[in-house]
Each structure stands twice: as structure tokens, then as C-alpha cells.
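Okay, so chain A shows up in both of these, paired with chain B first and chain C after.
Up next, the complex of A and B:
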């Protein structure tokens, strides 16, 4: 007992209640889901076998992955230019931009999705304007398709893309860019050969973050997709609430969990994850 | 190969203002081809600002810079073809030593074979042949410094700018690298413009030293000229140590090692000029620093070679101070 007490640093006692909370309310349910996926309705791997059998499931998974990849690409691309613009502005402008960014963080996803509804609908602001000006004769289908889902998701994800990139870019030593120019490299060459490689940890971090968050997206695809664009999260909810196939839902949830873990493992093969999350360049 | 201009740099009436503050004020300077010129001054004297304007990283507020007769004031940094060793080196952390050194040639789209040959030559020059494939983070400070030097010299620039390149090294290593730098300068004949606040570095390495103060040039000359014939009080006290004597016809500077201490009755190297009492003696091995309180004026600092010390010097001793004619230099101003 005394040896145990010696090994346990007092700091651990402080986090012990929280640790217990996490185990009880977080690990517990996850294990329960994993159990459900192999026991409901009958013990065995029947739920997982459905993946190979059901075309609908395969289509949903492919839609999900495709939307996540496109969302990640455009969010990081736009986030990169925003972060770049912020780092190279005066301190005053930078804090203004950061405030605007955080404000969009604080607006509920529901509000933001419904705003897009008003903008993109057939009788929405954009289509009404285009029709009124005579630029188009038929309203453009922005909604009830993948385009609408992508617009909504990318818009929501951009702040998440900016923050890791911003931290990364702020930690760069600008003398290194000066050195590049001094050695005769143009601005473009300096960007591709020095700046971009040095911001790679930030790019990886925000891509990972956005891809993982996108995998579980529910509200935006449900509203802007109008039931036509089915992603995993919505399908899980249907299985839980409508068809009551808890086993299938649990299987899909488990699949998403393992997918994320596999992604993290893959990344760790290429770079130290701590540098990704620390956003440092070393 | 890359053409090598003459490397004769002319600075005319150059100024830089930040808001209302003049960091560099109307500087005229000619930098001759192949010389080792040091900009020496305390922090805030404008030496780094001047260097950054030469490099093209700072816009010029007034004046002009010409290279071999042609103005380069409007050329962007990447078109000036000046090598530069940055404070803290600014190596590319994601590239190997080889790629760092070859960068200037690679952005100029030189053939791979030429880059390899040239980089090999540079690696040999700075004696880093065995480190070509390492990343900068895996090198010691001294090695990083040499990579920075090789990178800056790889494209045979007519002028090399060095911004306090030894600031991050410890004292012992610094002396060693000073020797290497001097040696490399001698071998390649490039014009070196070197910024430092370290007077020993300036004295031991340069062909000419520019002492800067408050954005303007205080005095320019060879280390010998500056040390032996300072024209201002600032120059005399910033480069080496100096006593100052107020005489009816003006202020004089007198180096501590030029003063001879003798007992009250014995003769010195010259006529006895001052008499006083020793207030302190500090022993440094090869020499002793003696402070003598004199009746009229500030205490006088005297450096005495230990081996010439005929009698032990103790506090309170009454001594005569003598020096040769011409040892005290008349200053033109503060």
C-alpha cells in the first residue's frame, strides 16, 4: 500500500474524480455500443456482414467519405488563405479578424444552416436576385443536393481550419523567408519551397480535425440535403429512431470510431502527432 | 557561371525614418571591392538598419545605394544578389545541409550536376563534408553558422552581408570562427560587410571599421587608425578603453596601456606628467589594471604588463605617471 502511494503522485488524486467520470460516462457507453454491434439482434458479426451485402450502406459510406474529403479540401484551402491574411496584417486588424472568426464559432450550427436555407432556397435571396436581374430563367438548385450540403459544411468548418494554421504560421521565423528572398527566390518560389513545407504541420492538423468532425455531421446534411444526401450520422439516427435497428446503428458508429483511430494511426506513421497538435514546426 | 560584378558599393546620403524617428541619418560610405568592412556600434546605432537597407529588406527614406555605378535602391532583395548571413542563421529547418547550401542555385534553375559540384566545393570550404545529409536541427551552433555562411556564398555573390553572425556562439568558439571567417574572406576575395557590437571582433577581423552612433557615422578607418587616432570621445571609449584628460586647449584621449607607472623617484618612459595614489589594483595574469587617483581630474586607469612590474603595486602607494609625447590624442569633439 505504501509503495502504491509512493508511486501515485498527488497530482493524480486531483484528476481522479474526472478520470472516474470519463470511464463511467464515456468509455462505458462506447464499450456498450461496441457490444451492441456484435450482439443485436443476434450474437455474431451479422451486422458487419451487411456492409458487403447492402448497396445502400456502401453508397452512404461513399457519399460520406466523398463529402468529407471535398469539405476538408476547400475548408483548409480557404482557411489557409484567411490564416495567411491574418498573420500578415497589423496587430489591430489581426485581432479584429480573430474576433469575427470567434463570433462565427459561437453562432449555433442550426442558425447558420437555416441562414443558408434562406439564402440558397428556390425563393431565397440569391435566386431571387439572379431571377430579378434576368441572369437566370430557372432558379439554380443550390439545395436538396450535395452542393448545398458542401456549402453549409465548408462554411461551418472554416474557423476550425483557421485556428491550427494560424498557430503554425505565427510560430514561423520570418527571417527564414527573408533568407530565401535574399538567396534569389521570388515570392512564389519562397511560398512553395519554404513557407508551405513549414506550415505542413498546421495543414495536417486542420485537415485531420475537419475530416473527423465532418464524418459525424448531422444537422447540415439533414437540412440542406433535404433527405436526398444521406450521410452516416443521419442514417444512424434513422436506424435508432425510426427502424429501431440498434445493431446496425452500433455497427456504423463503431466503424466511424475505428475509421478515426485508423486515420490517427496512419498520420502517426508520417509525423509525430504531438507536433501536429502542438502546431510547432520542429 | 554567375557573373561576378566588381563589388564596389557606394552609399550616398542614405536615411531611414520610422515615423518621426531617424534610425539612419544621412550616411555616406564607400565600400571597396574585396574589403572586410565592419559596422560597429551599440544597439540602436542604426548599423542593422543600414545593413537591411543594403540587403533590400527595408525601403530607403532618402539617398541612394549604387553597386559599381548603378543604383540598386529600387531592386527587390531577391534581385540584388547579395549573400547574407542572418542573426540566428535563418536556415531552412526542413531541408538538409546540402539543400540549404544549394538553394540559391536551385531557385536559379541551375543543372543538378553543377549544383552538386558547387555545393561539394562549399561543404569543403566550411569543412562540413560529413554533415551534408543532416538537418540544421541536428547540428551544433558553430556548424549551423558555417552552413549559413556556405549557403550565402554558394552563388558567388559580389558582396556578403553578415548580421552579428557570431552572437549566438560562446566566447571560445567565437574566436575560432573569427579566424575561419577571416581565412575564408582572404581566400574568396568577396566584399564582406559585417555588423557587430563587439569591439574585439571589429578590431581583429576588419580591414576598415565604421563606428556608428545614433544613426550616423562617427568615424571610419582601419582598426589601427581608429585605435591610435580616435577623433571623438565616443569613438575612443567605444573602441577600447581610454582615459580622458581635459587640458586648456581641449580634450585628450589616453589609452591605459600607454601610461607608465613609476615610484616617486624613478624615471618613466617620458617626463613625469601626473602624480597620484593607487586606489585599486586588479590582477589579470598577463597584466594588472591600476586605478590612480590624481589631484586634478578623473581617476586614471593604467594597464601594467605584469612582467615589467619591478615593484609590487599596492593600494595607497604614491606613484608618478608618465607617457611618451604623442600618446595622448587630441579629440575634435564629444
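Up next, the complex of A and C:
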């Protein structure tokens, strides 16, 4: 152990300047935000007290959390199916699927959001077809409401769900599944009792990733929600840019930060987080 | 946008260093090439041009071309200072942040007059120099200490002529979904929407301020299930032309485009439109200096420049000397045309500047 420690030392020295940079330019501004939340407009906890006074803030937070949970659930569900399909395809098909998946990262979120309007809007492709065939008499309202926001967000998040799951599934030892079948378990039993538990780190990793990314969503809810689905990120931006209530904005940002940290802490009670982030289980 | 700013700053620093003799000519030209700026503007003796210019901070789009032609060209001819643009949108928070950080890169913001009330007293804006700029070349209440209205824009509405055989003609009709069934769209950052709701509820157009926010919100909430809310002009435009709403609040110059795009199916109603004073405000410590920017603002007061902006952008002149020369084809759309000026309501920038934060939040909380 002592030799190991000796070997680490020069390494740490190399890392130290970068660590200092991170502390200075990353933690510095975050502390600044935290400070702002207790000093603007007046010193004290007035900004945090607003949480109790205003049911509007509570409603905005509840909308945000609700949308994030639903988005996470469906993205991971669909992502899991895609990753499962990919792992069990031929190498050639798998690389084709991976390419298609990565292509979606190149398309700007604005373009994707407006594409949904063209597809599912009142005079979009789907509604025009349904109206034309006489299946519906009024256009179905897919967009400009919470359903629209969810469709847009889930679609955006699926690739993020697939990648951690794919890595996790690729690293599984398939002999375990074979052994299970050999011992008489059915395919379904093997999936539920062996495969699914083994992919738990992947599920947790992609759920965390998606939940945290969803919390910061701004463009999609603003456009597809028709102005009626207000999430925290947009509210923060309005407080910063339009109403100049930087204290409120900082308070909400701090709240989101601590919310995410609390979530990680909670997860760590149930499982080793290092496995989620690709570390060893030992 | 960050990159663009960075490049411009690099080049400006380089040009200054070149002038001071700290940077040799070859390195300076290399810098021009590296930052991708057309060397024509920076080449040889014109290095000064890159360092001394007027940067207008606006929302981009067509307005770059229009402001450039209407104000930039005559100003450059008179002073030699070219006009450049930062199109990232001068929202109050961004102006405050820019001035607080001490790194001011814009000379003039194409903003709202109520921004002058919100940011002026806190020391974020230069005072307008009324020895250079004229108070008489705008509407009486629209020349403030820290900002002056150059053009007006307005909140009006368009309606679907196919949906309504009898034309709606007021905000009262707009909010009456029993008489005129169908969806509506409103501006989601409160201004215009609150005034429209109050006029619909029977408040006279010259007795709007101070706004009775609870009364306005009650009217807006009553129509919430039939309403969509837009955040940008293009969104307002697409909500209408895509048939998402049968009546939509729009910026009046958008209304003209919508009429053209739909071959007249949607029609603009200017009765009770709310005139908003668009204003020039100057961030404290602007790079070109106060003297140069005041001359620039004075140039923008010229009736010819304002009429050119009307032609190019549909923004209405605020200089009374230009009102009589509004061309016939703009009469129906311009706020200050003889046809419209008595029908519109005028925004009170002082009330908005002092109350916009609370009004916007109350509105957002009511619609979400």
C-alpha cells in the first residue's frame, strides 16, 4: 500500500493544476449562485421563504418533477428495448443501429421540436391524414399541451437511455443466461430473474442521466407546451433575463442542485454508485 | 454568439495594439485572417474602423439589414463610423450582467422604453444627452432620462375571415369565445396581454394605467382553456397560419405578413392596438463613448430613416414629423398613421418599468 501511495504522489501533482482550475472556475461560480440566493435582493432567507408562501412555485416544481419522472420512465423503457434489440443483432446491424442512434445527436433540438409540430400539429401530417380518412372529425390535440412536451422530451432522451444500457448489456456474461436455461428456467424467467437484475446498474445510470437532463429542459416545453407548461428551467431564465429577480433564480437553481445531490445520496443508500458510473463493484 | 463576440473582441484588441504600435502589421493581418473578418474593413490604414464602430445590440433577422440601411449608412457617411450588430437579444438581465461585469461590448440596445425605467436608476444606462438628441422628435411621453423611443411596435390581433362572417373589431370580441368560438393566442410575457384583457373588460384605452393586474388575470384565466401563449414573433405567426388559433394576438407588423402569407384569409384588426415604444438605450460605459452614440441616436430620429424602417420592418415612426409621410400602403398597418393613431392605446413605460417583474411573474403563474 505504501508503495502505491508513493506512486500516486507525482500523479496528483500533475492533476493538481487542473483540479485547482475546476475548483476556481466551476465551484467558484456555483458558490456565487448560492450566495446570491441568500443576499439578493436583501440578506436573509427571504427567497427560500417564498417557497412556502407561493403555491405557484410549488406548482411549477411539481410540474417539472412530474414531467421528468414520466419522461424518465418511458425513455428508459423504450431505450431498454432498443438496447436489448441491438445487443442481440449481428455486428453489422448493430453498427448500423448505433450510427442511426448517433445521427440523432447531430440534429438540433429546435429542429426536432418544430418537426413534431409539423407531424402532430393541428394541420400536421397525422391529423390531416386522420381528418382526410374521416377517422376523426376534430384534429387530435397532440401538441401545445403536456402530452406534446412529453412526446418531444421522450424522443429527445431515448438515445441517452440507450447508450449506458448498451454498454451494460454488452458486458454481461451470456454463460450465466445459458446456465439458467440449462437448469430448467424458461426464457421469461431467465429474463426477469437473471438478465434484468444484471442490467440494474445500466437502468439506474440511464434513469439518473435522463432525470437530471430533463430537469434542465427549456426549449421543448416552451414550444410544445403552448406556454401553459412552465418548467423550472424556463422560470429561472425568465427571472434572470426579464424580471431581474436574480435572488429567486439563484434560490431555484440551488434547490435543483441540492435536489440532484439528494437524489444521488438516496441512490447510494441502495446501491454502490461507482457501478453505475462504470467503476468496479469491488 | 459567444464565439462571434470573442472573435470581435480579439480583433478589436488587436486593432488597438496595432494602432498603439504594440503589434506589428503582419501579425495584425494574420489576426484578421484568423478571426475571419473581411480584411476590407480592417486592412491597412482602416485598422481604426475595427476598433471604432457602433455596435447595435438587437434581435437579428431582417432588422440587421434594415437598420444598417436606414441608420447605419447615413451615420457612417456623416461620421466614418460603421455600424455592426450583436444579434443575441438585449434582455434586461443580459444588459445588467454586461454592465456589472465591466465588459461592455454594445453601444446601443434596440430595446423597450420600459427597460430605461428598470435599468436607468440603478446606474446600468448612460443618460440620454438632450442637447444632441431632440425630445421633440418623438411622442411627448416617450423621451425619458435613460432612453428614447425611435420606433413604435404594437400588439394587435388577426382573425380568420372564414371562421367569422361578422368581423370582430375589439379586444372585447377577442375575449368573447361565446360569440366568436375558437382558439386564441396571447403573448406569454404579459405585456400587451394584460392591457388587452382590461380593454376587453371595459377599461377605457386611455385609463389603463396603473394596470389592475388581478382584474386582467381573471379575464385571461377565464379564457385559459381556449388559449395558447407565444414567446416569439415567429411562433405567433406559425400558430395563426398553421390554423392552431382562429384569432391571434400578434405584433402589428407581423399582422401584415400574415395577411400576405394567407392571401388575406387572416385579417389584422388595429382598433385598440397597444402601441409599444421601442427605444434606444445605452449601456453604461459603452465602447464607442457617449458622444458618438448620442449622435447616432440623433441620426435615427431623422424622419427619412424612420420611414425607411417602416418600409423595411413595419416598425412605425415615433417622430411626429414623419407621420404625415406614411405611405398609403402602410396606412392600415402603421400605428401612427392618420387612420390608426386615434384608435390605438399607448403603453406607459414608467408603469411597466416599475412593475414588469411582478406583472410578468403573476401572468406566468396564472397561465401555467
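Structure notes:
In the analysis below, the second predicted complex is superposed on the first by the 256 of 282 C-alpha atoms of A that agree within 3 Å, B and C clash if a C-alpha of one lies under 4 Å from a C-alpha of the other, contacts with A are read in each partner's own complex, and residues count from 1 in each chain.
Basically, a residue touches a chain if its C-beta (ideal position, glycine included) is under 8 Å from a C-beta of that chain, and two chains touch if they have at least 3 such contacts.
Since the structure is predicted, the reported quantities are computational estimates derived from the model, not experimental observations.
Residue contacts after overlaying the shared chain place A:194 against chain B, while chain C stays out of touching range.
More chain A residues lie in contact with C than with the other chain of the pair chain B and chain C.
In the superposed model, A:235 makes contact with chain C only, not with chain B.
Within the superposed three-chain model, A:121 lies in touch with chain C and out of touch with chain B [touch as defined at top].
In the superposition on chain A, A:59 makes contact with chain C only, not with chain B. Legend: residue contacts after superposition of the two complexes on their common chain; A:11 is shown touching neither chain B nor chain C.
Residue contacts after overlaying the shared chain place A:173 against chain B, while chain C stays out of touching range. Applying the stated contact rule after C-alpha superposition, one finds that A:184 touches chain B and leaves chain C untouched.
Of all residues in chain A, those touching chain C in their complex are 54, 56, 59-60, 63, 117, 121-123, 144, 222-223, 226-230, 235, 238-246. Residues 91-94, 96, 118, 186, 188-189, 224, 227-231, 235, 238, 242-244, 356-358, 360-361, 364-365, 367-368 of chain C are the ones touching chain A in the complex. Residues 55-57, 76-84, 86-88, 90-94, 103-104, 107-108, 137, 151-152, 155 of chain B touch chain A in their complex. Against chain B, in their complex, chain A makes its touches with residues 173, 175-176, 178-186, 189, 193-194, 197-198, 281-282.
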